[in-house]
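Both complexes below contain chain A, partnered by chain B and then by chain C.
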Partner chain A sequence: MSKNIKVNVEYLTRVEGHGNIVVNVKDGKLEECRLDIIESPRFFEGMLRGRSIFEAQHITSRICGICACGHTLASIQAAEDALGFIPSEQTIKLRKLLLHLENLDSHILHIYLLVAPDILGVKSFVPLIQTHNVVVRRALRMKKACNDACDILVGRHVHPISCIVGGFTKLPREKELNRMLEILNGLRPDMEATVELAKTFAFPQFSRETEYVGLVNDHGEFPMLSGEIGSTDGLRLNKKDYLKLTNEFVVSHSSAKFTKASRQSYAVGALARFNLNCDKLHPQAKELAKVLGMKPIVDNPYLNTVAQLIECVHSLEESIEILQEFKTKGVDCSQEIVVGLNEKGTIPVKAGNGVGAVEVPRGILFHNYEIDNKGKIVNANCIIPTGQNLNNIELDMAALVPQILDKSQEEITLLMEMLVRAYDPCISCSAHFLNVKFVGR
Partner chain B sequence: MLNLLDASLANFLTPKEFPRTLIITVGNFSRADDGVGPYIASGLRQSSRLSVIDAGYTPENIIDDAVKLSAQRIIFIDAADFGGACGEIRLIDGEHIPGVSLSTHSIPLPVVSRILYEDTKAKIYFIGIQPKSVEYKEGLSGEVKSAADALIRHINEEFKDA
Partner chain C sequence: MSKPKVAFFDFSCCEGCQLQVANFGEALLDILGLIDVVMFREVMSEKSEVYDVAIVEGSITTTHDVERIKKIRATAKVLIAYGSCATIGGINGMKNNFDLEDIKQYVYKQDAKYFETIPTHPLHKIVKVDYFVHGCPVYQPEFVKVLKCALAGLSYVVPDYAVCVECRFNENVCMFDKGISCMGPVTRAGCNSWCINNGNICYGCRGMVSNPAKNGQMDILKKHNISLDWVENKMNMYNKPRELDIDEQKHKG
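Up next, the complex of A and B:
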């Protein structure tokens, strides 16, 4: 093993956005290990200032094309919290369905498009069409199914249009419920095949004791849309106190702020949710966890992909159950609300401060709005899951590198890339990604 | 003055040799010239010899619809950065369709074209239009709009029903 090596990988592919990994090992000793985030801030909070609280969800949905529904729901929750509006049970259930559909879509894309190529030994998703044609076709079918169901529910498969503050401007009729059920039931064989494929995946062995953060509650439901903030270190906070969790701080090598809670860093996402709430998963998802040998606390970040797979089963089965319930009980279409910015004053407006805390595919997402007595946004703050994970990824990298110094340069690079990819970072939300630079080893 | 539609491209964009052509446009109108595909789709007139599908930014979701049309030739139209002059139009054969997409979570176009080829045996082509900007804004640049209008005029004329 040579002790000084220079590696410069121009771009790490299969993560959303750009940035740099800088690793400096000299004489076998790790001198530097950084995650440089070089993307310019996007100033969404600034854009929100002066806008109506009733249009915030359409603006913030544009933060991300992958978790647009999650941003919409966090935004709506923050708005309703600020206004003191309590949505109906039906509205909450439909929002949960929307969140499940997006979770499923995003996880499927991550598993197939971004992780599978590493496991199956190819450089990207494109060569898989030659070597694993059936797998590619399945991935496309599953993605389309999620998109189609989302389209039916909220008018578009990305950037939902009918899900707004107060409820939905269009509610699904029986025909639409049947179609969504048909789509999701049709997804089951592909989900089973995905599980079988994933059983063959071998992930790198690595673990680092980590504080995992997510929504928690004191009842039996797997918390995605509501709950308190909790952590595996025993932290418990009201969502209004989210700043006591995030403790954002600035580092010179990142245009995205880093976060920390009880320790140096914390992690959010599917693995965090699994570690906090696995006993509340759908029985089929719990069974899968057992089969895959997942038992909390799992602190191998590479296994976030496995946690995502378990959540896929959870989200699919929960979605079908929600739809079946609506089919039996019916949808109260009188709850449809008028399109617009609350021009008719259906929802009373008052000054306030509201927080939305929603579990989106990559972890807990916070939106916080302060509004004046006309419903105009005075201040806004959005804290994105990937932003909360950056510090933890960097510390994982620092712990991993000394353990793999006996490997070839190529192997080290791949393991580092896979580590970052495991978090499914959406840098275009928080910032951008990623070159790997080994200054010397 | 840029020759927007050279003779070989103009000759290619006719119905001869192929009884039915399917044009699939790709792009996002929220990203300036990346919206050239949807813009062209909105200007094209379908006929007995021409079908048009605007796939927006999810071409993978229209595979089933495209296969059902049983076209002998499928042409993707999208903004593509090939280092040409803004508004330049370039014809690329199916083997060299660019695989880079704006989002890593997007399905690469070569995957979609390959599946379409497998399921239809159609000849696959790609027409790329060099964008001036793909920033987050609406509206095409003058150069790209001129190129798109030239394509629309030519295709509508050539493929119209007698």
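Up next, the complex of A and C:
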């Protein structure tokens, strides 16, 4: 076959941040296949130097508007680890609730607004307002419900206010617990309708053996906020050794930085979590996985969207359980802390080095801070899920292209776009850091 | 009358302010009934070179950005700077606290040469801005107000009194009375004292009031034994690019 194909998707849409897809096939042979990152660097790690460790959450939340709560929680965990501060059980439970709400919010945005248009053959949700009005309304209603619950818990979802090092500056009273429960219970019928809709989605057939990485533990809880680093290849590391996982390296033919663990590349995210921990999902989520025919190890990257759907059910049901437990036991509001700047020295400060490892919507996120004896940040490092996935996305692309050469240029372009979108890449997140790939710059 | 064509653009930012639009819920459909969104890369694949209103998030941080915002300005009849990164430089401005070569080296090491960067500029330092929606993130009710004004061709005046005014209406205990310093007294209102309502302090994300009553502020700092360094440190979080204005004034003599 002597086919020439040139795909050049500039400013890939319906993803967070700026990226280009470049595919070049000459005489039926794949010559080039890249996902270029064109987001302007923002230098967060550099800007953190000299700042108080108590300001890190406020600043790093602003890395990303979609996973602001995830960055908040990873940042707080790293800071508390560096300070040697152990948060209360109540604090941890409320943080878990926050993470569930963000997962739900982010996955719904991805499934409905970013992925569904491809499946339904339109360019965005806008034409769907006419053709699938009920679906668009449901999507916006669900998105708002998650957002409203976050507003109650932490002030707002985009850059949470009350969730800081040490705990919460404002804790939910009975009235607020009831309101959140009402909102989440109200989400259930919409979630059922979402599941029914998703059952009709046909995803492209493609698979490639992949190492999946995420948090793991030795007990029954689905690990989101604690645990060790694990992989489907049997890797097991303490979170402090995250650099042994990410293994950033430079290859001679380009200035790109790659990450790899046991093999050429690895993947993180909802599909990785499903493959590693599906036996620990909420029974309802497990049931859904069975109905959808999802059985580990699933190595079709397009099915990350299905794994997200399963996680939505898990997060919704666990959130409701956490809230019900608080309703029965009550929230101890004496744990409310005055403010995050520690001006009163409520948290003793010492020199240290701390790591936060949190499962955020797009996969495992690491924050690492080194602080001096005054609590000033000396060094900072953040490794973002999308950054860890970039290498894997490119290898998927390279494996997929030869399989679909008989298709038209438009079909190939769409399949490539859908592949990248399936990973739900958060390019504005990943481009701020060292492990950015910038092939072709 | 045909619906005005609206396009969303983003520069250096977290895209959180655009996300605030998606968070309107079903009310978004009412807004979409009044305008024709022709471009919104985060959630739409449609593209258009023709638009009446440009809503721009993010700061200008590269020479490429400078050219791009100039093009957008040349096309749009109305330009709205959307969120702190666009209106005052915001958190991106913290970069200006450092030597640019030094910070590039720190983050990208031997690959620093691949990253071209200029000091963080808010949009109005490069092009004319017709409307400002401050905040990190933007406060939705204010965005709706500004959008209404922009569509009706009316001007929108950003409140030029301190966050404290709204904070008092919300019956919050003053942070200073709790022994905690806060940027509320020098920061523009309009957010309904969002952060203080939730137990945190004001970080100054909406920019400074035009007349911060310097002497009065010094008295407050003295009374509560708060060092000027604290204030400067916080000022340099969101408001560092204000120095571009000061430099400009100096040049004008």
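Here, the second predicted complex is superposed on the first by the 413 of 441 C-alpha atoms of A that agree within 3 Å, B and C clash if a C-alpha of one lies under 4 Å from a C-alpha of the other, contacts with A are read in each partner's own complex, and residues count from 1 in each chain.
Everything below uses one rule, namely that contacts are C-beta pairs under 8 Å (C-beta built on N, C-alpha and C of every residue); 3 or more make two chains touch, one makes a residue touch a chain.
Computed from a predicted model, the values in this text were never measured in an experiment.
Aligning the shared chain A places chain B and chain C in steric conflict.
Within the superposed three-chain model, A:Gly46 lies in touch with chain C and out of touch with chain B [touch as defined at top]. By the touch criterion defined above, A:Lys143 lies against chain B and chain C together after alignment on the C-alpha atoms of chain A.
In the overlay built on the shared chain, the residue A:Lys123 is in contact with chain C alone; chain B does not reach it. In the superposition on chain A, A:Gly65 contacts both chain B and chain C. When the shared chain is aligned, chain C comes close enough to touch A:Ile161, but chain B does not. Looking at the superposed arrangement, the partner reaching more residues of chain A, out of chain B and chain C, is C. Once the two complexes are laid over each other on the shared chain, residue contacts for A:Gln324 go to neither chain B nor chain C. In the superposed model, A:Leu114 makes contact with both chain B and chain C. Among the candidate segments 99-107, 153-161 or 243-251, the part of chain C whose C-alpha atoms clash with chain B in the superposed model is 153-161.
Touched by chain B in one complex and by chain C in the other are residues 13-17, 65-66, 109, 113-114, 124-126, 129, 136-137, 140, 143-144, 147, 157, 428 of chain A. The touching residues of chain A, counted against chain B in their complex, run 13-17, 65-66, 106, 109-110, 113-114, 124-126, 128-129, 133, 136-137, 140, 143-144, 147-148, 157, 428.
Touching chain A in their complex are the following residues of chain C: 11-20, 22-26, 28-29, 32, 37, 40-47, 61-62, 64-65, 90-92, 94-95, 97-98, 102-104, 106-109, 111, 114-115, 117, 136-137, 175, 178-181, 194-195, 197-201, 203, 237.
Taken in their complex, chain B has these residues touching chain A: 57-58, 60-61, 63, 99, 103-105, 107-108, 110-111, 114-115, 118.
In the complex of the two chains, the chain A residues touching chain C come out as 11, 13-17, 40-43, 45-47, 49, 55, 58-59, 62-66, 68, 109, 113-114, 117, 123-126, 129, 136-137, 140-141, 143-144, 147, 154-159, 161-162, 164, 168-170, 255, 257, 336, 338-341, 343-344, 428, 433-434, 438, 441.
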